[in-house]
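Down below is the structure, laid out as structure tokens.
We just call them A, B, C, D and E in the order they show up, numbering each chain from 1.
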Amino acid sequence: MGTASTLENIDAVRAMIKRAKLKDHIFGLVGLVCIMLILLTLLILFVDLVVDGYPKLFSADFYSNFPSRRAAKAGLLSALVGSSLVMLVTFVSAVPMGVGAAIYLEEYAPKNWFTEIIEVNVTNLAAVPSIIYGLLALGLFVYTLDFGNSILTAGLTLGLLILPVVIVATREAIRAIPIAIREAAYAVGATKGQVVGQHVVRYSAGGILTGVIIGMARAIGETAPVITIGALTFIAFLPESPVSSTPPFINFEWLTSGFTVLPIQMFSWLSRPSSSFHVNAAAAGAIIILVTLLMNGIAIKMRYNIRKKIKWQ
Amino acid sequence: MANADLTTKAEARDFNFFYSNGHHALKNINLPLYENKITALIGPSGCGKSTLLRSFNRMHDLYPGNRYEGEIVMHPDNTNILDANVDPIEVRMRISMVFQKPNPFPKSIFENVAYGLRVRGEKNKRLLADKVEEALKGAALWDEVKDRLQDLAFNLSGGQQQRLCIARALATDPEIMLFDEPTSALDPIATANIEELMNDLRGKLTMLVVTHNMQQAARVSDYTAYMYLGDLIEHDKTGDIFIKPKDKRTEDYITGRIS
Amino acid sequence: MANADLTTKAEARDFNFFYSNGHHALKNINLPLYENKITALIGPSGCGKSTLLRSFNRMHDLYPGNRYEGEIVMHPDNTNILDANVDPIEVRMRISMVFQKPNPFPKSIFENVAYGLRVRGEKNKRLLADKVEEALKGAALWDEVKDRLQDLAFNLSGGQQQRLCIARALATDPEIMLFDEPTSALDPIATANIEELMNDLRGKLTMLVVTHNMQQAARVSDYTAYMYLGDLIEHDKTGDIFIKPKDKRTEDYITGRIS
Amino acid sequence: SKSDDSNTVEEPMFEPNAIVTIDGSSTVFPVTEAVAEEFQIATKTKVTVGISGTGGGFKKFCRGETDISGASRPIKQKEIDKCKEAGIEFIELPVAFDALTVVINPANDFAKEMTVAELKTIWGPEAQENITSWNQVNPDWPDQPLKLFGPGADSGTFDYFTEAIIGKSKSSRGDFTASEDDNVLVTGVAGDKGGIGYFGYAYYEENKDKLTAVAVSEEAGKAGVLPSKASIEDGTYQPLARPIFIYVKKSAAQEKAHVKAFVDYYLEQGRPLIEEVKYVPLPAEDQDAVIAHWKALKAGTGFIEGKAEVGVKIKDLLDRVQ
Amino acid sequence: MNTATQVQEPSQRTTISPRLAKNYRRNITERIIEFLLMLCALSAVFTTIAIVVILVYESYSFFEHVSVFDFLTDPQWTPLFEDAHYGIMPLVSGTLTISFVALAFAVPVGTIAAIYLSEFASHKTRETVKPILELLAGVPTIAFGYFALLLVTPLLQMVFPDLPTFNMLGPGIVIGIMVVPYIASVSEDAMRAVPMSMREGAYAMGATRFQTAMRVVTPAAISGIVAAYILAISRAIGETMVVAIAAGQQPNLTFNPMDSAATITAYIVQVAMGDLPHGSIGYQSIFAAGLVLMLMTLFFNVLGHFTRKKFREAY
């Protein structure tokens, strides 16, 4: 050993390295093309919608008008309000449940077949097609529990839909907290509840929130399950306001109200005979994408900030 | 090594420990911790030093399936802290611990030190402030941080963080303090600071220190125990262990034949 | 410390290194590696041992923003391997490295050892098989694995994995071998095996070994360099360094006053 | 917000929480929606219009959940029974005509006129996998692949078309592109030279530039008739012109002032709105008869055993209800 | 050793802090918290049970009318026609064909993108591109549906003039585009999880980036990558709106991507939009179709779960 074989053949070695590195460059290019392909698709899709919906996107009336049979007058107001209220129900139903489930799985659950079942369940639910949730809602909420096609039904359906997203995100956030932090808390005499409440939940709050936002962004654009529960409706008024100026200040009548949401509104405009509605549809599509982009953007920014602030050693 | 002047603060008696995977990590350990003395635990990597140390505050309870056998008795009340009726939380309130890597909470400096007291239900602000100051002074950190108690603890250097963890452990007036290689993640200067601090605490507190640095053991401890593959081979005055070890394996280790 | 009999195989000249965060990790290092000798690098944790070792095969190039200054020259061709025109791949083909933790690839034992040759474009099966056998013998692993060359490397024990990594490094006939604490993740018996292996290779290969175990440095190396806070404090025959260090800081370290 | 001046409740004519709840056919939807929109503006009363389809609409209607149900076919005997069980009486009101329009690709210049028999050859269940080329329908036509587009099998339009052309409701070949979204059908026929499809007249009106309508003749020899306002009104566009209905809950008409007002508005002010959404209003005398029928609150259906009839006269229908 | 332990009178056990006196109450609260959290975790199980019960219950009524044998073997699916056939095969073939097209597009593109991001791109590129890729998942699927119908299919028709307006190729590719982010992102995570030391080992042998990526990182991450593929399959199988809009809603028993077809999801949403009364056989048929869909995704999900588990054990 030790005789400098590489050195003796240095020219051959260099040529060989050059050949090998050529593959590096080719692959680098192919990879870039693949990524560009996807990014361009997103861009084309978005630009196309913005260009088509341009006249509507920048008109204030579009946001303050109710749907109408006349494309020029038709606006998004009831869909905007509907989406917001549905998201409220989704948030309230999915977040406490999802966070609780994640905490249980990460901090409490013993390692046994029972936990294993729950885990398989969660991963499984995450990949269940959204249309199945639509069927669940149709069979359970609409017909069995008789909620009708109300804000409550839609909110609960989407809540179940994003439950696994919230659980997975929360578990990841919790796992990022080093064992050492927990041991430190236990070592000064904290109880399990205190460790969970004062440390685990607190330090993972940012991560949980980003997961929730991402889940909500997905829920906002969901169409199929909401169509399944029969939400294609002409609604030209707003549900009862959840808050009022007279006692008891909040009410829940809006929960049973009919509603429309952004993707459904887009869908119903698209299926109009007159192509002048397609402008509205494009504008609605652009807004949905914009909202999801915004929400995802916020989530990413938050994740970044959290990572910068808390660097576990 | 018998010494009539010594009070035993705690002792392991025929203590065995099994990890959940069945690994018999500690075998028939008998080890006294003398009151207000520093006991060092040395031995090659994997010999069970950390395992023994963490048994003293029932840290192993956090992971299901681990099993203790035998007793660890605390004096003067003669409680077997391994007893199923003894709440591990109570044990941890009497015995605090400092870890290998500094592990402050992502909270302010003040809240880190105050945490143990808060867990004990202390709400009186004055008292908290006093205790925090006292603990930080005890950990020789007060002068460096007194003007920024509300800063995030992560903004401190590694050595300062470790002293903060010591302050956190001191704040609750523990009867025993456990240290698991408290300096191995620190640079030489921070290490020297921590060692000095331990010297300051000597005589005031019962301490058990795991270290893989024999020089450190020699410098800071009163008593030293040498462990090897789960057995406690030898326990004696530090000077005696290093100068005239009785066991061949101890000698091999100290002279560097085993590492 | 100059010695006329020695050929210098490589040397660092006024070498500085800066991490991407601006940390000046190595300051004006001058260090020769003598041909077919083992040079040990010792010093307290964080002093820059690994940083220096990894500069010799331009491992730092993998992470953007790191900066070298000065030269590391290889002989006899007098190439400055830090030169921007020198391809780091070429450097790594001449200098191989063994890491702290065994890091075999998720492939068979055979493929692990053959990997370097495959990367060099070698396809001849006979030649590959010969080289693999030779390297495994060189790493004292042949007898243990010759009947299961197609087994996944992960199925070997830690010590065997580390010897496999040494075989992998040997298989390409490197001019220099770098070892970064090659035994610190291993048990005492595996450690003894690796040290024996290094002793076997002594005189055949130029080696640079980082270790935080002074006894190991004393046992295996011909020359020892002591580093402290990014400076190379002292470099000399191993016997001289351990018996009569010239620098106070070296003495402090060797006698355990710094750790 | 800005919308307040036009839409939200300011001075409601009726009690503030009064809602007219309507559900039912997607074919009737555009008309009802237009009426609802204007009615809301005029009276500040809330109206919801769902699209559960004719069947889904009756389901809710007979459970008493809605006041009015839109239907593109007459109520079926089963549905009548359901309503009866729940004690719900209904008033059947024809409101407009729709003309199912058969369309082909503009590049197709040979099939601009087709007989019912030819349509039956194309769409009948026997045609499945057999009739795949235009020349199999009529030897004079070229050998061009036939591409079919039609509404989903669960729509009222499909029911009526099969009834009128094949002679039996829901009897049709299955190998065609089906969509509930008529624009998809428009795109399909417009994109395929051999394409043929059918849907409501309104979609043809809006897409005249992309499609050609087929003139339909009832039997060979007779001249084909193109769908138009005139040919529907005078009854010559047969058999594909059909009335569409609303069914009003009698008790609601009697007890709920806002529901009554809504139907009044529908029948009396609806004409221009029906034209606006490209449906064909009833002839004036029929319209009067419907209004009279409504004012008299005559409950029940004019169809015998709930069976749809092709080419039925409005007057006859109304007269049958006593 | 240990002979001189002073004999101590066993003194009374004193509570160290008054709080410990509340030991019992504390335990109760801790129990309640744990129980509530367990209920939350069980919500996932309840959801699954609800889904299964609903699907099975409605399908049961369906199978009272239709024999399972016919359901599985009849080559026609025309449940709403006069001459009703209830063979699920045409829907399954459509579903599989579209998923296959989607994967044929997404697997290479997604894998290459993952390798590029993990091994070639700079840290900054990766940190910017990855979230943008994930944004694709947020685009409402109906937008993708019209994208397939109005943009992708006409483009494809330039290459294949015979391609009908409604076909499986266009929507297949668009679904492929939609699932690329899943594949890229999950595979990239798996590659990130390969310890840096393994890469350093390869580079130290003189390997290039490409060699390291292909011969070391990819094999090491393979089970994670496969899990990503499986996730993508169940996404593709479950996608609804794109197929409903662009594939033609025509239940054809065909595996030719140039044909138009219907998938299980498209059938469900089409029926759900139409005039179908609750309790009719047509209504029940969407639950029977849903059950088949659920079983298909379940199969892939469980497969994926175990692949991932195996992969977690690797390090």
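By our rule, a residue touches a chain if its C-beta (ideal position, glycine included) is under 8 Å from a C-beta of that chain, and two chains touch if they have at least 3 such contacts.
These numbers were taken from a predicted model, which means no experiment stands behind them.
Fewest steps needed to get from chain A to chain E, stepping only to touching chains, is 1. If chain B is removed from consideration, the chains that remain stay connected by touching as one piece.
Ranking every chain by how far its Cα centroid lies from the centroid of chain B, the top place goes to D. Chain B maps onto chain C through a rotation of 175°, based on Cα atoms and reported in steps of 5. Looking at A-C and A-D side by side, the one with more C-beta contacts is A-D.
Centre-to-centre spacing of chain A and chain D amounts to 39 Å, using the average Cα coordinate of each chain. If you average the Cα atoms of chain B and of chain C, the two centres end up 36 Å apart. Chain centres here are Cα averages; for chain A and chain B they lie 46 Å apart. The multi-chain contact residues of chain E, meaning those touching 2 or more other chains, are 206, 208, 211, 273, 278. The set of chain C residues that touch two or more partner chains comprises 89-90, 93, 119-120, 172. Multi-chain contact residues of chain A, defined as those touching 2 or more other chains: 17, 20-21, 191, 230, 232, 270. Residues 44-46, 183-184, 187-188, 191, 213-216, 218, 256-259 of chain B touch chain C in their complex. Contact residues on chain C toward chain E in their complex (touch as defined above): 57, 59, 62, 64, 89-90, 92-93, 96-97, 99, 101, 103-107, 115-116, 118-120, 165, 168-169, 172. The residues of chain C lying in touch with chain A in their complex are 36, 77, 87, 89-90, 93-94, 119-121, 138, 170, 172-175, 204-206. Residues 26, 29-30, 33-34, 36-45, 47-48, 50-51, 54-55, 57-58, 109, 112-113, 115-117, 120-121, 129, 131-144, 146-147, 151, 177, 180-181, 184, 206, 208-211, 213, 231, 234-235, 237-241, 265, 268-269, 272-273, 278, 286-287, 290, 293-294, 297-298, 300-302, 304-305, 308 of chain E are the ones touching chain A in the complex.
Of all residues in chain D, those touching chain A in their complex are 1-3, 6-9, 26, 29-30, 32-34, 36-37, 40, 46-52, 56, 65, 180-183, 200, 202-203, 205-207, 273, 276-278.
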